[in-house]
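For clarity, chains are labelled A, B, C, D, E, F and G in written order, and residue numbers in each chain start from 1.
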Amino acid sequence: MNSVILQIATRYLKVLFLSFACIAVIRGHNYPGGGFIGGLLAALYIVYSSLAFSVQQIRRQLKVKPQYYIGLGLLCALLSFMPSLVSGAPLMKGIWFTIDSSIIGKIKLGSPLLFDFGVFFTVMGVTLLFLFTLSNHK
Amino acid sequence: MNDVFIAALMIAGALLILIASIGLLRFKDLYSRIHAATKATSLGILLLLIGVIIYFKVLDITLKSILIVVFIYITSPLAAHSIAKSFRDSSDETDTEK
Amino acid sequence: MEILLSALTGLLYAGGVFLILRRSILKFIIGIIFLSNATNLLVFLSAGIVHGKPAFLDGVESDSGKLADPLPQALVLTAIVIGFGIVIFTLALKYKFFITTSTNDLDQLKNTDV
Amino acid sequence: MTLIALPILLPFMLIIVLVFIRSTFYAKIIGVIGSALLFLVSVYLLILVSHNEMLVLQVGGWEAPYGISLVVDYLSSLMLLAASFIVFAVSIYAYRFVKAKRGFSMFFIFFFALTMGVNGAFISGDVFNLYVWFEVMMLSSFVLITMGAKKEQLEGGIKYLTLNLIASLLFLAGLGLLYGKTGTLNMAHLAQILNNDQQSILMNTSAMLFFIAFGIKTAIFPLFFWLPASYHTANITVTSLFAGILTKVGVYTLIRFFTLFFVQNGYFWHNLLLISAGFTMVIGGMAASIQYDTRRILSYHIISQIGYMIMGLGIYTPLAIAGAIFFTIHNMVAKTNTFLIMGIIKKIKGTFYLKDLGGLFKEKPFLAILFVISAFALAGIPPLSGFFAKFILIKAGIEDKHYLIIAVAVLTSMLTLYSMIKIWNQAFLRVQPSKTKVDERVKVAVFDYLPSALLALGSLMLGILAAQFFDLTLLAAKQLLDPGIYVEAVLNTMK
Amino acid sequence: MILILILYLVLALALFLIPKKLSKGIPFPLAFMQLVFFVFFISQLSLVETEKARIISIEWIPYLGLNLEFTLDGLSMIFVLLITFIGFLVFIYAQVYMKSYAGTTRFYFYLLLFSGSMLGLVLSTNFIQLFIFWELTSVLSFLLISFFNEKEKARKAAFQSLFVTGFGGLCLFVAVLLIGSIVDSYMFSDWLDKAHVIKSDPRYLPALIFVLIGIFTKSAQFPFHFWLPWAMQAPTPVSAYLHSATMVKAGVFLLARLYPVLGGTIEWDYIVTFIGALTMLVGSYLSITQVDFKLVLAYTTISALGILTMLFGIDTKLSVKAALVFLFVHAFYKAALFMLAGYISKQTGTRLIPKLGGLMKFTPWGFVIALISLLSMAGIPPMLGFIGKELIYEAKFDSPWMSSILIFLGVTSNVFMVAVSFLLLSKVFLGQSKTSIKSHNTKYKLLLFSPGILAFLSLGLGIFPDMLTPIIEPALNVIHSGNFQIKLKLWHGFNQILLLSMITALLGLLLFIILNRYKSVIKVWNRINSQIFSISFTNVFFKGLDRFISFSGKNTRLIQHGYNRYYIITIILYTSLLLILQLYLTRGWEIGLTFNLKPFYISGLAVVIAMSVFFSVFSKNIIFTISAMAVTGYGISLIYLYYSAVDLAITQIIVETLMVVMFVLVLQGLPKFASLSSRMAKIRDGVISLVFGTIMTIVTLKAITVDFNTSISGYFVDYSYLKAYGKNVVNVILVDFRALDTLGEITVLSIAALGVYSLLNKRK
Amino acid sequence: MRLIKKIYLIISFVIYYLMKLIQANLHIAYDILSPRIRVNPGFVWISLQVNTNAGILLLSNLLSMTPGTLSIEVSPDKKKLLVHCLYIKNELDIVADIEGMQKRIIELTQ
Amino acid sequence: MDFGVLDLSIFICFTLMLLALLFAFIRLVKGPSTFDRIAAMDLMASITMGFVLIYSIVISNGIYVDIAIVISLISFIGTVAISTYLKQKNTKK
């Protein structure tokens, strides 16, 4: 778009989008959200910035190739099965453990959360790859 | 009493949104339409959100509502701006199909 | 309400079918999106509809009878995301087709048969 | 029992590894080794099944109707075995092919995604999960079929995609209705509910939607258009893979659905299947007879032969279903091989067109032998595997007094014979037409023959060990015709 | 026995291991092997006489009734002896004959496999097993006919023979399965036990017809005879072996084998006799005007096969006896003549009779062989052929019906045979020599060995016919189950049969003289022939095939026309049709619902969505269409929201937005909407889509109103927090209860993205 | 101390802005609903005194959200802002109005 | 909450919102320029948000506010995207 206003706004939207995306993933198990929504939100931020600047510019700024996000996401999903395999439970059984720290309070962490992060990264990577390749052609 | 207050807020909000859409419909040129659509709507949503905050009276939702206000006041003008700018930049040869 | 929603689903199907029968590339894809929306709606509706009771639990206690069926929601969510991927791929494919052949007319596609 | 998930998880792991690997060389190595592992896994699964009757994994440890069940019975494991055998052979073939073209560096990712989808479809015991695997399979096949992005590939790809997309939408709709009717997605649970159910509109409508969706995937009449429009446009490696596997997944699901839970109202369904089968055979065979592009001949034959498989299901006796399974697996192996051979021929002669081919018998006698084995197997010439397949089916049909369809089947097999002889006479026997320019520099290495030889050996073994193999298919058929076994195994394993 | 069969296979495969240098010497050991087998079987002859049969059974696929069973009884013995003995001679012959060609290893491989298959065929008493061998012989015949694969004619001939015999094979197969379904077994013994059951079953007639089609194609009976003359494209040893002595007799063998099971009915008698007689006549008639030596032989073979068939149709002990004797008669003289034809064409470079003549001077031995064999063919004493003919006449006299017609036809046919024999003799061996033998090659001398032996047998057995009785008697006993004693004599005394023979010979001689003297006669005859038989069967066959293919072509173009839209229309219409059928069958239109619009805002929303669908469909502006699509998506998300699907609604909104963005990205490279369809097309499509939409409406309505009793969802709600520690049940389903779905889903997405990348990525 | 001042500034700004917002909204609402629409649109270039990004964004967005004004473009050197005004009867009034807002924003962001 | 002020007001609210939606839709259909359509689409997104907020009060469930967040966060991206496209398309000419 080549608009200064839009470009300036990216900086502030970044904080909002990414933090909200993370919140969506982490809270997703209990409240609306989850890996998909989080991943899509995160990707939408990049979509927006590439509209404000240009896709090429954003592509250059992004250090990691979108393919690797996809790989990372799939890997996370795969790794989330490992606890169940190691502990001899049926495959993909959610394994949970509780972190009991005095500062934050009780937090339940489990392999499904890792899985959700896998979804997050995959979805993000996928959307980015869509974005970059669909606008690559000119 | 509380209910009446909430009701008033909500009707006001909805009314503003309706007015915005009437503006969008009635105004003669694009800029004016954008003016109408953006502003009144945002205020309308703001009023609705105040109604929501008062209705639920929960911190969680209050925070969320404030977050929405912040979002709207960042994104809504950006949208309006981008339409207007795009229109202006291409107005030498305005896109008038049909 | 059920009749109206069914009719809406049917309309989405009809619109989708009409669009995928067009020769223009983009109309075709929009047709697919409509069909996909229609199907999602069909899946969603056929499980029975409950309004205003989203499947979020407050705590340990559960009241399964009152909440909306979460399973079709999950299914449709999955279907939406899959549909998204497929639509974008279709878009890319048709786009590639356009830049390779520089025609928008799907009827030009009749050389590979017979 | 985690092992059951390996046919899905192994390709998944391979995909992850391949995403991170940039070197085509390593990708190829991983591709071949991975496929070999997959093959070993499916062999092992078959052994396990022959000991335990049925293997069940409740994914995530969630009890049967609630979570997703992965089920491996005889049918599944046979299909898995055949598919992974083909995948293995094609991966070796692709080993050469990926080197040849640099644009195909991601080939193995999609290759394994396809495998993952196919395997998932074979072992899934859950209707929606099956849908997901179908989508995995479909999308990766979209990518594979358009790889290279030549004009005709895009054209074929678009038709392929369009019609398959409609299929998957109908699948989803049918699934929605099924859930709306029964409140469950687990196949065993569905069987339990629907087999006690008097026929209801919703069930029948949903069955109809599934029939059409799978019908499109399976390429039955009049839903097959996508196949002849696209198969011959893709790279021959891809076509071989598709020819062997894709439509057969459709056959698998038809068999699964119409033996496990859509068993009410059998008269209607079986007749519908038989009518479809008849038309599919004849039209496919007729269309094949006019073609001069070898790939098209073979593509139409896929359709024609799908008819036989569907016929087996339509006759619906243990023998007929065993025959359908036998036929399917025989066809997977032989059909893939004929395509691979056409690929080798293309490499040697630079063309797929019969009019420009010739002299191969003299030049490449070994190739000729490989072709004869597969082609004669397809034509049903004894004592090759195709003969037994047809024998079982026709026997079943005659015993159940389906004379009309048997007449059609028999006459159609003449068409198959005609086409195979046509290829044989023109490409192999006659003298190379002088106008064809053959690139003398092209060297065909022994390695190129390896996958084809492997498949030919498979074809031969199916013929030689027909008795043993038939026993397996019969076991599969008996298992299928007694849904109680399946229900029992899936719903009770946790107790 | 099985060992022998396996030996054939192993040896055949082993042929390829023999180094190139030695490959020329292959046939002698093989011929010797055949001889050994012949002797072995001869030694079994006494066993066959005493024990009736020697059976070996092996279980193979019992469920399918497919157990291997090899039986050496009187009937199979005859054929076994023929196969091994003529095989022995053919291999010796081929040693010399094939020397100059390339690919002889392949040739012997086929030939050896053929011998084995043929043996397997005649030894099989399981009919599926028999069919397997039957088809193998067809295939090997195909491979042998197309041995000179670079000649188009050879390929065409091979194809034709395989197509015709393959068709027959399938008919036979169906017949076997039909009978099998009657008696629930494919074993000969079971069929024999239940012969009366089979004959009284309604499936008998179709089974019989199919069996006979199989037999008639294999044994080149009218109207399937046309492949045989074409098959002469094969190397001469093949013609001698397959197409005169053995393979074509497989049909006759099967006729004999099945006679006790299927024979003896009116249907059998009439069909078999009639077709046989017709073939006999047609074959001999057509043979007269042929100019190619081998073709003359081919047509006379057809005639002989017709005789054999007819004899099994006449259905008396005498006729069967005659048939069995004639089997030998024909095998001996015909194989000899074929080999001789090969010898002559080797020596002279031609097989065309008009180009030959006066060969007697060059090959006196050849002449002697030809004389004996042709006399045998003409049925002149003291050749074995005479005995055969006598027996045939006797059988015809003895025929319970139509005997006079049969005799008339038989005499006519034999007159032709006699004339042909004399014609061959005079034109090839007597008179002026037209082509000098290019180089009187002594290396071909050996080619006369095999025909010589056969000619010697024709003569010797004619004089001492009783030597054949130990072979024929058991066979007759198998076919006509019983215990018969037969006597074969050269001299029967003066009776009507001898009279008939003499009339035949005289008429034949007369015909020969006319044809020889007046060249114009044969020309006229040829013209008449070409008028009457202008439709050559081969032409009909290939024309028919072409016709069929062009029909298929039209058909295919009609179905697979290339227009994607019409494919979609077909699929949608088919779906609609089936769904309507389904709704009709289950009275699906009855819906017990009243129309209401509560709550009004969702109704209003639905109306807006409907309108946006409408405009999206009919708009000509891309952006408008896309916005309307987005509005539709947003609207649907509100419906999800209203019906409690929060995560779903969010996802729908985000995806819709992303979709818009992606569209826009691509849009930059795409043209404007073009209005491409005609008005009519739009109306048609509109109707189709409305029909489909209506059906889906009804279906959806049904789905909403039908309620299941219990859903598995209750479990998720109950245990989502207790076991999976999550309050958002939908999310818990996605990442825990049904995580496998999600796994597949992210795979789909990844593949889509990587696919788009590989499709559009420029760097290639 | 500065914090308190900042909070004070923010609150006073919010109140100031809300007042303007409501006032302007009522104005436009009246305009929309009145039978004859009396608008007199036009463009005004404003010179920017705020020089922080945050300030520019805040200004332009707040201007956009206040009825009557809509920021169209910031010059690439971030010195000037193009505003579209619905009621351009008195250009100087509008410019002065915006100047006032700019001052408050500068106070706020420094 | 028994039938009272709130119920009535909600009825009124929804009526107003529906009318707004309808008007926006008319603008979407009428155009005339593509920019008008985008403006209408943008407004419709806001109306959707309004719907959600009112509905959250109707069923007194705070979870629905989350949806409003998402809409407020992303709905403008579509608008920006189309505007960008139009601008590029028109400047290209």
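As a working rule, a residue touches a chain if its C-beta (ideal position, glycine included) is under 8 Å from a C-beta of that chain, and two chains touch if they have at least 3 such contacts.
Because the structure is predicted, anything quoted here is derived from the model rather than measured.
The chains that touch chain B as well as chain F are A. Among the chains present, the centre nearest to the common Cα mean is that of D. When every chain is reduced to the mean of its CA atoms, the largest separation from chain C belongs to E.
The interface with the greater count of contacting C-beta pairs, when A-G is set against C-E, is C-E. Compared with chain G, the chain whose C-alpha mean position is the greatest distance off is E. Inter-chain spacing, taken between the CA centroids of chain D and chain E, is 26 Å.
Chain F has its Cα centroid 91 Å from the Cα centroid of chain E. Each of residues 20, 22, 34, 38, 42, 71, 74-76, 78, 80-82, 85-86, 97-98 in chain B touches at least two other chains. Each of the following residues of chain D touches two or more other chains: 12, 15, 19, 59-60, 128, 132, 135, 139, 142-143, 146, 149, 158-159, 162, 166, 173, 176-177, 180-181, 183, 185, 225, 228-229. Counting only residues that touch two or more partner chains, chain E has 556, 560, 562, 564, 568, 572, 599, 621, 626, 642, 646-647, 650-651, 654-655, 657-658, 661-662, 665-669, 696, 699, 703-704, 708, 711-713, 716, 727-728, 734, 736, 738-743, 745, 747-757, 759-760. Across the complex, chain A meets chain F through its residues 3-5, 8-9, 11-12.
Note for the complex: chain B touches chain G at residues 3-4, 6-8, 10-11, 13-15, 17-18, 20-22, 24-25, 30, 33-34, 37-38, 41-42, 44-45, 48-49, 51-52, 55-56, 58, 60-61, 64-65, 67-68, 71-72, 75-76, 78-80, 82-83, 85-87, 89-90, 93-98. The touching residues of chain C, counted against chain E in their complex, run 1-27, 29-30, 33-34, 37-38, 40-42, 44-60, 62-65, 67-71, 73-78, 80-89, 91-93, 95-96, 98-99, 104-107, 109-114.
For chain A in complex with chain B, the residues that touch the partner chain are 1, 3, 5-6, 9, 12-13, 16. Against chain E, the residues of chain A that register as touching in their complex are 28-37, 40-41, 43-44, 47, 51, 66-67, 70, 73-74, 77, 92, 94, 96, 108, 110, 112-113, 115-116, 118-119, 122-123, 125-127, 129-131, 133-138.
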